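The letters A, B, C, D, E and F name the chains in turn, as written, and every chain counts its residues from 1.
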Amino acid sequence: MNNIVVRSIERAKVSIIQGLGEQGTATVHEAQNRMGLMLPYMRPVFSGVRVSGSAVTALTHPGDNWMLHVIPEIAQEGDIAVVGVSAENSDGMFGDLLATSYKAQGILGLIIDAGCRDSQELTAMKFPVWSRAISAKGTVKKTLGSVNIPVICAGALVNPGDVIVADDDGVVVVPRERAAEVYDAGLQREENESQKRSRLAAGELGLDISNMRSALKNAGLVYVETLNEYD
Amino acid sequence: MNNIVVRSIERAKVSIIQGLGEQGTATVHEAQNRMGLMLPYMRPVFSGVRVSGSAVTALTHPGDNWMLHVIPEIAQEGDIAVVGVSAENSDGMFGDLLATSYKAQGILGLIIDAGCRDSQELTAMKFPVWSRAISAKGTVKKTLGSVNIPVICAGALVNPGDVIVADDDGVVVVPRERAAEVYDAGLQREENESQKRSRLAAGELGLDISNMRSALKNAGLVYVETLNEYD
Amino acid sequence: MNNIVVRSIERAKVSIIQGLGEQGTATVHEAQNRMGLMLPYMRPVFSGVRVSGSAVTALTHPGDNWMLHVIPEIAQEGDIAVVGVSAENSDGMFGDLLATSYKAQGILGLIIDAGCRDSQELTAMKFPVWSRAISAKGTVKKTLGSVNIPVICAGALVNPGDVIVADDDGVVVVPRERAAEVYDAGLQREENESQKRSRLAAGELGLDISNMRSALKNAGLVYVETLNEYD
Amino acid sequence: MNNIVVRSIERAKVSIIQGLGEQGTATVHEAQNRMGLMLPYMRPVFSGVRVSGSAVTALTHPGDNWMLHVIPEIAQEGDIAVVGVSAENSDGMFGDLLATSYKAQGILGLIIDAGCRDSQELTAMKFPVWSRAISAKGTVKKTLGSVNIPVICAGALVNPGDVIVADDDGVVVVPRERAAEVYDAGLQREENESQKRSRLAAGELGLDISNMRSALKNAGLVYVETLNEYD
Amino acid sequence: MNNIVVRSIERAKVSIIQGLGEQGTATVHEAQNRMGLMLPYMRPVFSGVRVSGSAVTALTHPGDNWMLHVIPEIAQEGDIAVVGVSAENSDGMFGDLLATSYKAQGILGLIIDAGCRDSQELTAMKFPVWSRAISAKGTVKKTLGSVNIPVICAGALVNPGDVIVADDDGVVVVPRERAAEVYDAGLQREENESQKRSRLAAGELGLDISNMRSALKNAGLVYVETLNEYD
Amino acid sequence: MNNIVVRSIERAKVSIIQGLGEQGTATVHEAQNRMGLMLPYMRPVFSGVRVSGSAVTALTHPGDNWMLHVIPEIAQEGDIAVVGVSAENSDGMFGDLLATSYKAQGILGLIIDAGCRDSQELTAMKFPVWSRAISAKGTVKKTLGSVNIPVICAGALVNPGDVIVADDDGVVVVPRERAAEVYDAGLQREENESQKRSRLAAGELGLDISNMRSALKNAGLVYVETLNEYD
């Protein structure tokens, strides 16, 4: 595949994107059958944020951030930039200048399978970034990649327009066509969990609420009074 | 060993457990001759906490958190759950629902050699967790393990009822029968350190306070004015 | 090389050291042609700090912090201690007692290619430390190393008297003789960036500000409307 | 996506698959513009082999190899099994019994983003496996996955029917539809390299053969006689 | 616990130890319910060996191999030395001189949660070592540890006299008292596998031999002809 | 420092270089007081080789092997190429074409803090390479570095003309000016070890040969008959 920039991508409905963001990564990940999670080495530069948006993607090469300068030309308000790299790399590909530009264009955050820098400035600007490293090391602009093609980022496949949900637990990718369905499954899960939470807080045991006792027994779990008794 | 749950374990005296918690991991670890520390990949989900309690243990398998649902049935107020896994795994085995239940049963915290999730909710609830990863990835309930048997967690052996001390420096295990003795050694250490701290703050050198100069000289350390002079 | 302590080292001008500190690691690293950065596994114990100072160095061995007790005898106000270790090690070689002493002698921070402990106390004292690990594990005082010789720390060569700049993005070493020149290059870079920042914030694209469009075209980048169109 | 097994997939032409295998991973990877390489943690159980075949894929969960038992029912002679896992896992999911079955069905090898075991037996049988770990730890058969859906394996997207090329340098995925084109590009590359090889062996410099001198000079490379002269 | 050397330990029966060695780590690990495996970072210095013996243990500190010199005084013919370290360390604690001594005393091999060196000589001598690293870096003899106390080695608890089985798939620990029972379970497993192996080699599918089809169907696995048909 | 190529470097005496090569890395490393070893992630592509030579160095950037093409122009017969990279990188920077050229110019081997490829061909050619990774991923020729300047490679400082000794235990750097002195220390060490080896092989204990018993006793080591006796 040559080096291309795809201008026009489809996105999910705004209300669905926002709804998935409110559910958070743990719920969304369960709601799509525990698929689509990036590897846990992806960590937020600052904690306490939860964002969702449409993926605008870039494929780059180690030590080269040229394509990150093309993203703001192509992205729309509400997008999240997702950057894959063709080899493991921790260079600081993104800093406060790019963040200023991304913010000005309405981009909500960055997911990058490499490093970022100016982390104190990003924190002050409240521009959220999930990366595999923080590193002052800058990059060159010499080798092309592509924008808005399917990319692998931290072990997950991201198609342009997929919904990205990110918080302190990591980053989940929801395929655009499945976003509504996953959102509905998440709602159901939340309702179910909300009831359980009250009962657990009141001191009931999950073993009873979820009727696990017979399954545990059938699987062979044995209760003994002391370890010695068992031997 | 088959899959068992041991209901009844012995615990150390409450006053000793609390005293060890006040000393913190660095002091306690020294006080027991630098033994019993979990590997430093165990990190707190949120910082600034120091807890101590009696270990209630579980052995689990990668991607399966079934045994974590048995713990609250068995644990007492003041316990800390300690979870070993039979292979390296970063799945989010523990989240805010389990934390609600653990809290309701008086469990003070969780030490898990795997991942946890709902980290923003855990932080808001102030339920402390030390884990090797944070990951939105959930788990199944299909394979039994055991509860309250000896487990290896992050490179340390934990017997049920051992005293766990955890803070931002990591997690230390104190064998139950040695808890009082370790606590006493820690007190002595604290007293000794307190005196040193004042003298160091006043500008005295540790070389003088601890009489290191002759030992350094005997070992062969040579002072030179400049590097050139030495060559 | 035997085990020596070098008493007297040359340092850069105070105004230059402070100026480099204000520029921060990302700017300084670019200003010296992207050289001299320690590996990104070096992380601050607490975030939000930016320091600069003259390197006082020590070479140590795994599990032995004896030489760290010699540093305060040799260091001057405004120095930063830089500790290399002869093999990979995560032991907590430095804690609040040493920090009390270092602070009393005017040492501004510590860069250590090993672990540190008492991280809650260090945070409360606001004594900044960059390390590869946080670990309660203490160390012995049995094997000599050297003080104020050239050391490798986290992949970077540090000569005594070199300028150290450290913040949340990592740790950069500036050779003493090049400090003024790097500082000047950093100033120019800051000025250039400041202008760009305003234009980016106002919505201009970096592609236009930096005239990248023709270079991208010459390199072969192709814009297409949709991915299908391209196939 | 629910748990499915897709029986029927398209494959590339046998002659192309064999041709790519003869070229090897380094050539094939270059021939498709340095895309499609799995991460370098994928290593062969025994060295000296080079295989190519059509990917039959499976998505599995950590510690569960159930889907690996479905693969031989679905695979054809000349296929290579490619197994992705939904989280990082090093369990020994594959051993000599499965290898016996795979071999009997004509499967040429296994690429697995987890561990394998019975490595001495696999070596004796000459059944090639590329994995991220070797581990005696076995797995259960309790959680479904899918067979012949697109999977991510060691950072690369693999669609069923894609061509897999594997040797001591790693594992490359060639999309089925591009296989012929990549093969042709590889042939050209080989021819070009063959000429270069003879000239290099005869003592000519690559700088001259590939006319790099002017490019290096234009980029600013300066030759000096000694380092001192440069200072 | 102070620094002690325990002279006298109990061992399993020689015939059981040899039998476990013939079964190999994968079978033994299954036979004891997938427990007791060291972490997979433990690798043999040279491949193709399978040994079993009684554990003689040592606890050491990073960079210090003093206790390894005590082992040959205490070990008997047929023992395997197992060395735990109090912190992660890759130093080359063991080389050809110690191997010469160990061999002279009848020690069959070494399992060390650190590094070893002289790997070419160890290979030539055929003295098998499993370690986490190979490193030329030597160590000092300054800090005591203990010999023949329980140790944690690569995530596994080893009591003196436990049976160690090691081959290219890793290292398994069998508690001494359970050795006979595990051996019997392994024999049964081998017989079962041997029958399966023939049928698999003849082209039968594991799905049929092990009657997995109904379980897969009950769990919800769906066969489709093509992926499109499923959507 | 700009991008330069230094043509002329000093080298150690050939007889010393060869002598160090015969001693091997473990002996040489001890002989220079356990300094100058590269990190143990540096592994040989094929085992069983021991080489020594004069370092010709290159500093490169991730994903760019341009400078590796300059090395054969500058190197002499008997040199070893040593390549540092400005950030962690596993790309296959070196393959059989470059190896053909290096061999034609008399270069004896390559030490590279990145990846290499064509590992099967390198093995067949018997051109030894020590690298941190093996990867089919190729690189570009777009960003300059330097040749024959001091570089950091795998945690060790290498000055052009330093003596490199490499074998299965790793890679050691001996500063050129110290080469003769280190060689002499190594000879002494070998003689001492040779005597010890015979006595150890004859069944004497190292405790006796090296008179360790009193030192162990003074340090506090206690022999007990059984663990119970001690409690």
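Heads up, the rule we're going with is that a residue touches a chain if its C-beta (ideal position, glycine included) is under 8 Å from a C-beta of that chain, and two chains touch if they have at least 3 such contacts.
Since we're looking at a predicted model, the values are computed, not measured.
Contact tally for D-E versus A-D: the pair with more C-beta pairs in contact is D-E.
Mean C-alpha positions place chain B and chain F at a centre distance of 39 Å. Taking the mean of the C-alpha atoms as each chain's centre, chain C and chain F sit 27 Å apart.
Looking at chain D, one finds that residues 2, 34, 37, 40, 61, 86-88, 90, 135, 137 touch two or more other chains. Judged by the touch criterion defined above, the protein chains form a pattern that is neither an open path, a ring nor a star, and not fully connected either.
Residue ranges on chain A touching chain D, taken from their complex, read 1-2, 33-35, 37, 39-40, 86-88, 150, 152, 155-157.
Residues of chain C touching chain B in their complex: 2-9, 66, 69-70, 72-73, 90, 92, 95-98, 100-101, 103-105, 115, 117-120, 123, 133-138, 141, 144, 148-149, 160. By the touch rule above, chain F contacts chain E in their complex via residues 24-26, 28-30, 34, 37, 40, 43, 47-48, 50, 167-170, 172, 193, 196-197, 200-203, 205-207, 210, 212, 215-216, 219-227, 230. Residues 61-64, 86-91, 135, 137, 140, 142-143 of chain F are the ones that touch chain A when the two sit in their complex.
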